[in-house]
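In the two assemblies presented below, chain A is common to both, partnered first by chain B and then by chain C.
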Partner chain A sequence: MTPRKLKNSVMGFLVAASAVLLIAVLVVIVWHIFISGVKYLNWNFFTKAPAPMGESGGGVFNAIVGTFLITLVAAAIGTPFGMFAGIYVAEHRGRRFADVVRLCADALQGVPSIVIGIFGYTFLVVRFRSYSALSASIALAFMFVPTTTRVTEEVLNLVPSGLKEAAYALGARQSSVVWNVSIKTAAAGITSGLLTSMARIAGETAPLLFTAFGSRYVEWNMLRPMSALPLQIFIYAGSPYPALQQQAWSAAFVLVLLILLLQYSAKHLIARVLRVKA
Partner chain B sequence: MRHMKRMATSVLICSLLIGATGCRTAPGAPVKDLAVAGSTFAEPLYVKQLDAWYQKTQVKAVYGALSSSGALRALQDRTIDIGATDLLLTPEEQARLPASVLQIPTCLGAVAICVNLPGNPALRMDAALMSAIFSGDVKTWNDTRIAVLNPMVKLPDTPVVVLHRADGSGTTDIFTTYLAAADQTWSDKVGAGQLVAWPAGVGVKGNAGMAAMVRQTTGAIGYMEYTFAVQSSLNSIALRNRSGTFVVPSISSMQAAVPPDVTADLQGTLLNRPGVASYPIVSFTWLVFYKDQAYDGRSRERAVAMYDLVSWLLGDGQSLALPLQYAGLPESVRKAAIDLLGQLSWQGKPVK
Partner chain C sequence: MEEPVIVLETQKINAWFGKDQILFDVSARIPKNRVTAIMGPSGCGKTTFVRTLNRLHQMTPGARATGTVLLEGIDTSTMDVVDVRKHIGMVFQRPNPFPTMTVYENVLAGYLLTGQRLPRQKADQIVETTLRKVGLWSEVQSKLFKAGTSLSGGQQQRLCIARAIAMEPALVLFDEPTSALDPKSTSVIEELLSDLTTEYSIIFVTHGLQQAARVSDYVAFFMLGELVEFGETKRVFVGPQDKRTEDYLSGKYG
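Up next is the complex of A and B:
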């Protein structure tokens, strides 16, 4: 075998092996969570609040409610900011301030979530003298905004400039072009970006430790401490009670399912955008 | 135009969503939520008690197992209503708080020393031996210093794995305070506190983490709240108490450590008490909160909710301690604690 052929087959093997490894890791994780989690799933798990430690039964309804409320409110707070910043950056490409905004979004994306948590504790929890779900949502919104900004920008950049130029040629104002042409064309892409960002924050634990605090009761009031699935998994996994450790696996299964679902719908939407473009 | 309208609607919905959550409870209405946080030592008990209180009154009192030092921090930041600690706050710790606090004992707990050795032998130890082990001086389990106290046990040559807590822990505070009081070498070399400079060993997090680690590691020795030892089916070592007898932790050996003449301010220590039946590492666990509740614009109703909860914990709530391997307060201490709670005030006037 010539050295070139040898090199080729070695590299080919490495690339294929890495690809297989990537899939294998995901399969092992999902499979393990599925096997460990699914056997303790029952109706009570989805509808009941936790039983006191050491007692059987009980569920994670409080955490499911918390994850939905905290994530949705974070998205509601973060979406306008993230989207508008994204539109600004896309519309003013090349301008210095737009570059600064993009740079800041990238930097904010790189801030470790534990730092966001401490920030939430110092500026929200201590300021308002109370742990609350709302402070968790605001902290998570800080993680939600930069990803949304970048995704919005990227999707808007995919809108063919011919389309926009045609609208301008017909005498449309910039606002009209942005809303009626760019946003409309990119709507599915932006929505998929929002879903991906939501999937990302739904799985965060560190910011919640400092802000949401956790609660064993089903709580609907955003100004009170609240639980969420990652938080409950963190607490249960470290508990001495086997029943709670089992519930941690089930909660992990539910959380992974939720996040995969969000990400799948995001992918699905992106696929639709690309089909429309083609 | 239509799109602007749609945009405006979504902004409106967003603000409504946020606004709707902004409605605070009306003044004068009873407070239905409280935040308690701290000790992992007493977590199983508090969680059970707060759940029972919720069933009774619909008051959602959440418990966060931060650690005793976390409770102090949160009290300092005034982000919780009640802190839970395992030892009385020292005068220095109290000085760091912006106002004076009430410290109310709620139950008795013990620190168990657990070992993982093949065959689960019933071991005996004294303070000097534990000081040597936790200092890393004893390398294997068949060391003569262990053998002297355990002539009946066939000790293996397994290496000793010392485990200690890595986080700021009230359990560590109780354990090291005991060692420092009972053994001069430990007092000189290491001292006592929630975090100490361990001369040897591996750090683990939380009472639960400690129990799990001892179970997994052959040759391990670690200290944990008695409940966690029982829940994890670990054997506890019999310790030599001040009267010279070897005693294992149990409800009765904990209660035996409480002197009949506890002072009304409950300041006395329960560590290393004399008496043939008393286990030497026993402690009250405490709730800590500000004496005057009219700070940061807090309502009188919140103070009332706190008073009601704590007085129930000192009353009917005590019956929940025993099933979870905690000892309820002896009657004299319980009376003193209720008297102490009577000092809870709002704008200088007693709450009840």
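Up next is the complex of A and C:
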């Protein structure tokens, strides 16, 4: 074997091995959570709040409700800000202020989630003297905005400049071009970006510790403490009771399933729209 | 030779990208209801010239232009840019129908994007007559509500021509509209041009000598950002007055 061929096969092996490793890690995690969690899943798990201390049974309905509410409200708060900032950055490429916005979005993405949590605690929880789901949503919105901004910008940049020029050449104004051409053409990509960002914040734990705090009851009021799946997992997994530890696995399974589902629909949405256009 | 009616006149157009000057004092008089070809070697400023006419050039960051453009005698710098572009349509190198719009909507895109509402009957009528003008009606009659991008490349480009002339412009700029098309689609579009001149004036950018000779009544020869020669196509091809035109026509550069 010549050195060149040897080098080729070594590199080929490394590349393939890394790819397999990536799949293996995911499979091991998902499989382990599935095995550990699925056996305790039952109807009560999805529909009942936690049982009173010392009693067996009960479920995580409170956490499921909490995760949906907190995530959806965070997305509702963050979507306009993230999208508008993304549109701004994409439409003003090359301007210094747009570069600053982009840089800040990247920096904000890099802020550890625990810091975001402390921020939420200091400025919202302390100020309003109460843990609340809303403060959790606002904290998560701070994580949602920068990813949405960047995704929106990237997707808008993929819109062929020829389409925008064609619109301008027909006499369209910038606002019309942005809304009727860029956004519409990029709609699927933006939606899929929103879903991915939602999947990301749905699994966040640290910001919730300081803001949503957790609750043993099914809570619909955003102004009160609320549970969420990651919080419930955190609390149950650290508890000394085997029954709760088992429920932590089940909750982990539900959470992972939820996030994978969100990400799958994000991908699927892109694929479907691309097929339609081709 | 009788003096043609002039639809558009430029006076001393200069254009820059950043510090690079692309056009130098270009003054031209574009005849009405004729095809005027803009030809010249790559990078001579052909495309920049037509893009200054509808002020698309100025939209590129760092790009600017000076000089006067008179459209039917009116200085376009006194007009709103939206009106300028309504009266000066454009067809681009690559067919670029809007992928989110149907064939029908693409024809009406100029109205839709500028927020003009049309009564249903009027809209139907514009779509049909415009598509007939570009010879597309019989081909797409049954596909009006399919995506504009589902058509073939040549059909897409004719759809883009329809989109431009649906606004009833005085002048249509064609920026090498056939460079991305196969020979058959190219000849369909070339044949279309003379039909269109009954209603519209046309500026047709091309780097192909033969194409300029085939399609145009007048020709403007550009080199290094200067308008070197302008005249009736027959006259310029048979007896160029400038040495540079002669050299280009005989294939010395290009």
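The rule is short, and it goes like this: the second predicted complex is superposed on the first by the 269 of 278 C-alpha atoms of A that agree within 3 Å, B and C clash if a C-alpha of one lies under 4 Å from a C-alpha of the other, contacts with A are read in each partner's own complex, and residues count from 1 in each chain.
Keep this in mind: contacts are C-beta pairs under 8 Å (C-beta built on N, C-alpha and C of every residue); 3 or more make two chains touch, one makes a residue touch a chain.
Since the structure is predicted, the reported quantities are computational estimates derived from the model, not experimental observations.
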Are chain B and chain C a fit on chain A, or do they clash, once the structures share the same frame? fit
Contacts of A:N180 with chain B and chain C, given as first, second, both or neither: both
Look at A:R224 in the shared chain and tell me whether it touches chain B only, chain C only, both, or neither; answer first, second, both or neither. first
Who contacts more of chain A, chain B or chain C? B
Hey, in the superposed model, what angle do you get at chain A between chain B and chain C, Cα centres, nearest 10 degrees? 160
Regarding the shared-chain residue A:S215, is it in contact with chain B (first), chain C (second), both, or neither? first
So, does A:S130 touch the first partner chain B, the second partner chain C, both, or neither? first
With both complexes overlaid on chain A, does A:P160 touch chain B (first), chain C (second), both or neither? second
Look at the superposition and give the distance in whole angstrom between the closest pair of CA atoms, one from chain B and one from chain C. 7
Common interface residues of chain A with chain B and chain C? 180
Going by the contact rule at the top, pick out the chain B residues touching chain A in the complex. 3-4, 7, 11, 13-14, 17-18, 21-22, 24, 33, 35, 37, 43-44, 47-48, 50-52, 54, 60, 62-65, 77-80, 205-209, 211-212, 228, 231-232, 296, 324
Listed in rising order, chain A residues that touch chain B in their complex are 51-54, 72-73, 76-77, 79-80, 121, 125-126, 129-131, 134, 179-180, 213-217, 219, 221-225, 235, 238-241
With touch defined as at the start, can you tell me which chain C residues reach chain A in the complex? 54, 56, 59, 61, 81-86, 89-90, 92, 94, 96, 98-100, 109-110, 112-115, 147, 149, 160, 163-164, 167
List the residues on chain A that touch chain C in their complex, please. 93-94, 160, 162-163, 165-173, 176-177, 180-181, 184-185, 187, 276-277
